[in-house]
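Have a look at these structures, which come just after this line.
Consider the two complexes below, in which subunit A is the common component and subunit B and subunit C are the respective partners.
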Partner chain A sequence: MQSKDQYYVPEGSYWPIVGSVGMAAMLGGFASSLHGGIMGTGIMILGLVIILFMVFGWMGQVVHESESGLYNKQVDKSFRIGMAWFIFSEVMFFAAFFGALFYAREFSVPWLAGEGNNMWTGKLLWPEFKAVWPLIEMPKPEAFVVPKAVIHAWEIPALNTMLLLASGATLTWAHWALYNGKRDQIIYGLMATIALGVLFLGLQVAEYAEGYGHLDLKMTSGIYGSTFYMLTGFHGLHVTLGTIMLICILMRVIRGHFDADNHFGFEAVAWYWHFVDVVWLGLFIYVYWFV
Partner chain B sequence: MATTTTDIDADTHHDHEDHHHGPEPGLMRWVKTTNHKDIGYLYLWFAFGMLLIGGAMAMVIRAELFMPGLQFVEPQFFNQMTTMHGLIMVFGAIMPAFVGLANIQIPTMVGAPDMALPRMNNWSFWILPFAGAMLLSTMFMEGGGPAFGWTFYAPLSTTFAPDSTDYFIFAIHMLGFSSIMGAINIIATVMNMRASGMKLMDMPLFVWTWFITAFLLIAAMPVLAGAVTMMLTDRNFGTSFFDAAGGGDPVMFQHIFWFFGHPEVYIMILPAFGIVSQIIPTFARKPLFGYSSMVYATGSIAILSFVVWAHHMFLTGMPVAGQMYFMYATILISVPTGVKVFNWVSTMWRGSMSFEIPMMWAVAFVILFTIGGLSGLMLGIVPADIQYHDTYFVVAHFHYVLVSGALFSIIAGVYYWLPKWCGRMFNEKLATIHFWWAVISVNVLFFPMHFLGLAGMPRRIPDYGLQFADFNLIASLGGFAFGLSFLLLAYIVVDCIRNGKVVKEARVWESAKGLEWTLPTPAPYHTFNEEPSRELILKESSHTGDNH
Partner chain C sequence: MIKVVVLCFFVFILYSLGSAGYYMMKDPSGSRRMLKALTMRIGASILLFMFLMFSYWMGWIQPDGAL
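So, the complex of A and B:
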């Protein structure tokens, strides 16, 4: 039927509609649970399970097709273009939150304290408010949780920076091994990367526990807490996904998938991991360090 | 009209290769399909359904505004109508319709067998009915649907919004997800599936404009996702992005929203430019004037679209330096846009013009879009905008560019390519009636809104002062007539598919150029399993070569 000379156009598939049902159930259930819907949480979890089923089924089918040799170089290139621009869309998603951080820091907080032509804003709304960054005491502190302090850059965050940078190196080491056909080295490299990722996540959890448990730094701690948890939280979610993806790739390597010419799956996950790494550097600099 | 030109090029595509997977029988074909044409048709039908729903809401709005005073609906419901009308038309009708046209046309215009990522293509579509249903379902929830305008400014959409807003937020997430996947697919198709003999500057303009639009989508939609995510956490998890008491700022919402929103405007008009640039050379029987300037103009508009967003916010109290910058940057966009209008007119200049149905719509587009563009220039000027802001003048402006602009180009494109898709010609007599009906009524509907706005009638209100009564009555009459014209369009399309006169010529319009016209009519399920030659591509270019 299809040969490698031809572009592989797959047969019809049920996976997309399964994914849509799962997505609608998960998000609809979530919205319902936010307003006390009895079934909400259940439907949300069901939706998540359906999505996981879809991801494993769909990706499994893609892996199977790839291993059966149905994909030629042109298909491989389509995947690469797709992944690259998907990552770009993720960059723009983070850009929105970084934008909110910069806006709050450079504009809204100083303005609320009366900077620029906003003298009356400060005088009329909250005359006691002083603009400082990181914002500990918000304009209307009684409505929020005022933190005792924020997380310092040169403690867990600096360690986490080292861990992620190291994980980028171990992943590249595995990548080189893939080009040179050294299968043991790929496996060790991937295992090290996964271990570093898990360690990073563990430390992130510890940091959140410190924030919530001891410092009273919460999502409800005004704009600093908002940007802090949303930025690091979405980043942590991406590290989690990246780690799961790396585990899948490790399992495929152990099964003997990929060679020097044909390893889109490996490379896509590697790109994703490096992207998550770069986002972290932005976080480290702008959320933790330059305060 | 259709001619008798038979096309020897048609048999360069090996129909006999198509047997190995044709369409699956039954309804499941449409659920499982990975075929770009199937998915494109699904997109178009979905968009048309949403257009009718959003149109029905517009009818409620016009009925309420027919006379001063409150007649039919409560103000709260009126606000839901304006909000949902805008959201449905933007995210449910115009955008999916363009993606549908891209799906059907781009592979056949670049000589590709299908879209680059066919299964993902299916998913891009099949998210939409779920997202659309979730969006519409908010209307039936306690507290009603979103009533804060399609721009959902905080704090109206956060502190003061009904519970249903969270469903709206997730619907936007899903729609954005679908758009991003669709855009990725278009980029991969154009970059990777193009026949090797087709260089970038050989691509038809519809392909070019969509290619650039896809980048806009990938850059803008995630920012919208970020904005609604912040809304979600502000509403439910105590963050204070848009709450000044916590150090945030409601105006920040507007910045983030319009950083998405302004590119979004061009997402809805660049593909329209592409369609019109395909149609005008065909019926002027001349190559497109200034092809490369068209490409560069499209690229310039796309880049500029990211640096002008705050012209929607001149009244938020921004510093004068900010107002000046955003004003000049905005006015700058008129240069590449003017290049385009100039090129369309120059393409027609001394051409052997004929006025088939698609051409009439394209010419109407050029004239009416230009009116909308010029009122946009007025709005871009800070001191003038202070007068016009949030009046019916703004409503008139964006309806001229989006209805008689984007929507007209979609209708033009459907009339242009429909015979190729289904192998039948529509009833041209009815289509002529439809054209004049729609063009006259759309102007009766929207032109008086300019006067209303200049006289000071605010937008998004269910009632108004007596001095606005006459023009509102005229606009409403035009609105009802324009609304009815879509029932005629539905009849014409269905009648064409079922009973239209069979067209056999590959080149449905005698002077049409482009790879899609080398395919047999109706276009086979799978096309271009073998890529077209460079010779054929150059011969079929609508922008180079001799005058047909």
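So, the complex of A and C:
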């Protein structure tokens, strides 16, 4: 390892190779399981375990190096640039899914009902079809699982919005405490944020059980069902990852890591959580409330 | 009209989040600009949700999104 004042060159590391083996095993196992391979699921799980081992090992090493005082400003900048690319990929990820929903809702579904210059599409193909969102009455219902209803915005989704907004507030409270040197307040704020995140996920599971079990709202329920589960499902995955990251940050705060001038890990996770919160607000307004 | 208000709130929320991200890239951890932007973000989001609930309570908006 280089000294603190020199250009930083990291030591050789075996973690990238471990990660590559893990990813190859996980994806290869997944592909094999799709083709009915006997060992597929087992190899996939083994790959996942290897990836988790890599993440904990690699991140643990980074944390250890950071706490040993080995990192200088140049390393700090490299973490920030890495985070910028990660943010860019996340924004594009959700933009694609929101874009798919927007296109279906504002363009393709109305076209099937004859809007714009598609009068004959409506008259010849689907004369009885009227474009109403959410798309419960479909142009060709026999091809889909037709839902009885959709999840209403002012039930679980509104409650979940309150929970996530509250979690954003508790996280901001913890963030201010970090600047003011109040370690107890950081810990309580992070604990509250994690608890609210877990509660959110529990209610999301209850909502999916209602959708799948009682409303027949499934991924096979046409464009509404598929975009609904794609957007809310990937958002839920992000809340899960964010909760895990917050737990890691909480553990580090309890161990005495971070101070007012050095806490990029905290900042990055906090920004990620705020981002996931804003995505949910967009979902609440555009997916659940149909504005 | 309500749609315009919601849109204005949302644009401001995106702006606050985006500027927080920008400050995270540009400033060292000691700077408070990122935290201030995030505080604006959560404040505006809570206000927007309260506005939506108030509009629902007043009957300005319907559960199915009719305005």
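Going forward, the second predicted complex is superposed on the first by the 282 of 291 C-alpha atoms of A that agree within 3 Å, B and C clash if a C-alpha of one lies under 4 Å from a C-alpha of the other, contacts with A are read in each partner's own complex, and residues count from 1 in each chain.
In this section, contacts are C-beta pairs under 8 Å (C-beta built on N, C-alpha and C of every residue); 3 or more make two chains touch, one makes a residue touch a chain.
All values reported here derive from a predicted model rather than from experimental measurement.
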Contacts of A:225 with subunit B and subunit C, given as first, second, both or neither: first
First, second, both or neither for A:49, with subunit B first and subunit C second: neither
Touching partner for A:209 - first (subunit B), second (subunit C), both, neither: neither
Touching partner for A:262 - first (subunit B), second (subunit C), both, neither: second
Touched partner set for A:10, first subunit B, second subunit C, both or neither: first
Touched partner set for A:281, first subunit B, second subunit C, both or neither: second
Which of subunit B and subunit C A:152 touches, first, second, both or neither: second
First, second, both or neither for A:162, with subunit B first and subunit C second: second
First (subunit B), second (subunit C), both or neither touched by A:95: first
Residues of subunit A at both interfaces, subunit B in one complex, subunit C in the other: 81
Residue ranges of subunit A touching subunit B (in the complex, touch as defined): 1, 6-7, 9-17, 19-21, 23-24, 27-28, 30-31, 34-35, 58, 74, 77-79, 81-82, 85-86, 88-93, 95-97, 99-100, 103-104, 107-109, 111-112, 116-117, 125-126, 135, 138-140, 143-144, 218-220, 222-227, 229-230
Residue numbers on subunit A that touch subunit C, as the complex places them: 73, 76, 80-81, 83-84, 87, 152-154, 158, 161-162, 165, 168-169, 172, 175-176, 179, 260-264, 267-268, 270-271, 274-275, 277-278, 281-282, 285, 289-291
Complex interface listing, subunit B residues touching subunit A: 20-21, 24, 28-29, 31-35, 112-114, 116-120, 122-123, 126-127, 129-131, 133-134, 163, 166-167, 169-170, 173-174, 177, 180, 183-185, 187-188, 191-193, 218-223, 225-227, 229-230, 233, 236-241, 244-249, 251-252, 255-256, 259, 319, 526, 529
For the subunit C and subunit A complex, residues of the former touching the latter: 3, 6, 10, 13-14, 17, 20-21, 24-25, 28-30, 32, 34-35, 38-39, 41-42, 45-46, 48-49, 52-53, 56, 61, 63-65, 67
